[in-house]
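Comments concern the structure below.
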Amino acid sequence: MNGFACKPPESVKADDFTFRGLNKPGDTNNTAGFKATLVTVNQIPGLNTQGVSMVRLDFAPGGVNAPHIHPRASELLIVMEGTLEVGFVTTLPETKLITKVLQAGEAFVFPQALTHYQRNVGKEAAVGIAALDSQNPGTQPVVAAVLGSCPKIPVEVVAKALQADDSVATQLQSKFK
Amino acid sequence: MNGFACKPPESVKADDFTFRGLNKPGDTNNTAGFKATLVTVNQIPGLNTQGVSMVRLDFAPGGVNAPHIHPRASELLIVMEGTLEVGFVTTLPETKLITKVLQAGEAFVFPQALTHYQRNVGKEAAVGIAALDSQNPGTQPVVAAVLGSCPKIPVEVVAKALQADDSVATQLQSKFK
Amino acid sequence: MNGFACKPPESVKADDFTFRGLNKPGDTNNTAGFKATLVTVNQIPGLNTQGVSMVRLDFAPGGVNAPHIHPRASELLIVMEGTLEVGFVTTLPETKLITKVLQAGEAFVFPQALTHYQRNVGKEAAVGIAALDSQNPGTQPVVAAVLGSCPKIPVEVVAKALQADDSVATQLQSKFK
Amino acid sequence: MNGFACKPPESVKADDFTFRGLNKPGDTNNTAGFKATLVTVNQIPGLNTQGVSMVRLDFAPGGVNAPHIHPRASELLIVMEGTLEVGFVTTLPETKLITKVLQAGEAFVFPQALTHYQRNVGKEAAVGIAALDSQNPGTQPVVAAVLGSCPKIPVEVVAKALQADDSVATQLQSKFK
Amino acid sequence: MNGFACKPPESVKADDFTFRGLNKPGDTNNTAGFKATLVTVNQIPGLNTQGVSMVRLDFAPGGVNAPHIHPRASELLIVMEGTLEVGFVTTLPETKLITKVLQAGEAFVFPQALTHYQRNVGKEAAVGIAALDSQNPGTQPVVAAVLGSCPKIPVEVVAKALQADDSVATQLQSKFK
Amino acid sequence: MNGFACKPPESVKADDFTFRGLNKPGDTNNTAGFKATLVTVNQIPGLNTQGVSMVRLDFAPGGVNAPHIHPRASELLIVMEGTLEVGFVTTLPETKLITKVLQAGEAFVFPQALTHYQRNVGKEAAVGIAALDSQNPGTQPVVAAVLGSCPKIPVEVVAKALQADDSVATQLQSKFK
């Protein structure tokens, strides 16, 4: 993960810079109705130190890419097919939702490490392609991080965050294995 | 926000580099039992371009700094008084909670933009001092971002993130003004 | 061009983060048989400081995106439709061509500021979407830079670069207005 | 020192992010009446690539943290107890001393790699906590660097810097072992 | 190539920071009438992570440093002896040549990764010293990259870039071994 | 000081990238026998954001560039004429002097913000050309910063740093106006 020079220049070959596998839709036959297919330094060794990665996002109708952050990247999304509602939330003290409905051919930017989501609000499958300014951006779905980490975050902490009783927090946590 | 040179060097004075107001405990008489007092470029103009800020964290017994992220910073925390339980969650696919109970004089690091929390698990007030590697780190409490943004994130999106019914999501959202 | 904060957070709106216009193919009815449609900070003000941009590349059959560099970015390309031959050249002393033929769904990385090209080697139109790790990457077609700048680079310099006579250089330069 | 990924994510544990030992005052029973206790990547492996570190500064009455630089960091200091006089010197051509007397709860910033000092001007012990924007900031006390390096800087160089005779320089150097 | 710390501080010695061999003119007895002598991290291990390198440029009368880029650096050139014509080309849509004739003692900057050249337009040998803001800037002569890579860029691509027939492209390519 | 784009690309001209005035030796007829002539963003507006600057160093026989730091840069020096003794001091806990005598044509690197000096140990004038990896590196002569700032650093602080009596510190300070 540290430097293009870890492979001697004379032995570099085209396959170090190539990735196959975005040609078919991601499988959205799951609860979220959503699938992300990544192209990061884990898929292309030659991306190391280049500071960029991409992701293909497939959505069934009604499918949701739940609120999440990329701790090391900003994201620029282009809708390729269908209609996506997108949004991100600003930091304190505003906590504003900046949201938009995008048709195919429209783009939207999610600033560095802010909580954001996408949802297919059309009647057909939707596809997005996004760029991120890190070869290793990382992803953290924030609700799953709070409710479903392993081990669990103590219920008292979760309850305070929810402004709810411990029993509510416990019940919500129990849905995450 | 762009460059130390926005003020001519000859007119720079000590007050541009000084902040007063961390001498008394933050007021923790609130629901969370917690108060953060910031020292960022908003408080000290001379911090501009210097890439560092600090925060004083005061906790009543049982007080919680709810799970949150700093989109533009890593954080290093020192417990000054009392006992804090701290933790952060790693990115996909792990989503592990890395957690520790810290006594006064102990330190812990929360990596760049990962969801983390602190809780006073002692019987006395607790105080922490933290360093962040940005003069403008930003803070986003992730549960409040998902449930309490303005306008609200659509209930269907929140429900999918919670793996719960829309009615649960609506009820949870209603607690945030 | 200097900082997200140039617009006060409270007046930020969704349109600052949105771009329309990638929904139809770029017009490839030109000599190169190629058209690039950019999504940079010039198109989306909210991209400022976010370090990322994208571009849609349309190719007629046989169309060529001539050898060029992006002085401030690496590039990651996904072929959306058709078949593209792509390649980049390494630095001295190697000057190797790293090349590949990509089908739809395949990706390739062009390292920071190295000369690279793409060509549609299929019988149908081809479309690519690329990510760059700068909100303002810049583009310089290197042959046009050497032969067609305004004013022209002196013919003696061009001839030496071509390892050819001045008359050859003059003739080549004359094709660029 | 190169990258968070040097340890596989699945084997990361809380101790990699924890440091113990700031709970008792540094021993100031020395000539300077001062002790620095560091929390850098040398103490917390998990700080690697996170770009932040901290230091606890203990001062006996009259104790001095002699003029020094951190070659790779800016510093933000909070006085926790007592009264500290602090100052830094600007670059050429100004060479101004920007100085302030700070009480407990007050903060001050020392810009990137500029010569700065702190002194306890109160009658009690003083304690400061400082943040630095590097996991490995380094420290160089500038007078000791000029007079007490090993081997010594030639006396003629030191004399010119002091605008003094060689004999003065020699005598000053002799105090540093 | 990753970090100053790869050598333990206690074993660092002066030779790690020293380079010999700029004392005599580079041999300009070649077709270009030009020779570059580099001082990068390849010559001085201690340059690693320091972000700077230098190069000595020797020109016979009429000698040319053909149009080239440094993918990872900006360049600042000082003419030490003789008279150099220098120039760089801006990015699209301008593609302007910014050019100047420099006498000994004059300096010029070539921005990050833009195509640039130098030529000795005096009657004597000329010498330049340049600084680059990377310890490993890389060099790519753009005409040789397009016409002389190994393997060759397909002639159809080169012809389109030249706005010329394939036969012209083939002939130009044939001059590069 | 913030961004190449502050001048519209279409109005950029060659003079924005040019500096005249290194053609004659700096005047070394002073106490130090030394003169630095800078080429930074203050001299060349087009250096802005390019991250590089240069300096010409002229030394009379015996002339000294007193120990100093550049807070925002590493430095790479080439000796053009004469013989220079150079050295830098490492950080705590080593405080080693890394030193070398350089002849014309030899180069040496001074790492980021470490105290360093140069001295002409030959019988003729000496000339050096140095590169720095910032367009605005800044310079701080550390002895003058400690003894000669305006206002003065308190004598007690200086005395502790010198490990000497206050009277010694006072006397040394008095030589700096």
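Order as written gives the chain letters A, B, C, D, E and F; numbering starts at 1 within each chain.
Here is the rule we go by: a contact is a pair of C-beta atoms (placed from the backbone, for glycine too) under 8 Å apart; a residue touches a chain by one contact, two chains touch by 3 or more.
Treat the numbers as computed from the prediction; the structure is a model and nothing was measured.
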Greatest separation from chain C - chain, by CA centre: D
Self-contact between copies chain E and chain F, residue sets same or different by half: same
Chain whose Cα centroid lies at the greatest distance from that of chain A: F
Angle, in degrees to the nearest 5, of the Cα rotation that carries chain D onto chain F: 180
Centre-to-centre distance between chain C and chain B (centres being mean Cα positions), rounded to whole Å: 41
Distance from the mean Cα position of chain B to that of chain A, given in whole angstrom: 22
Where chain A and chain F are represented by their mean Cα positions, the distance between them in whole Å: 48
Chain B residues counted as touching two or more neighbouring chains: 2-3, 90, 96, 99, 111-112
Residue ranges of chain A touching chain B (in the complex, touch as defined): 31-32, 62, 64, 66-67, 69-72, 85, 87, 89-92, 95-97, 99, 111-115, 117, 119, 138-154, 156-158, 160-164, 168, 172, 175-176
Touching residues on chain E, where the partner in the complex is chain F: 4, 9-10, 12-15, 17-24, 39, 43-44, 46-47, 50-54, 56, 73-76, 78, 80, 88, 90, 94, 96, 98-100, 102-112, 129-133
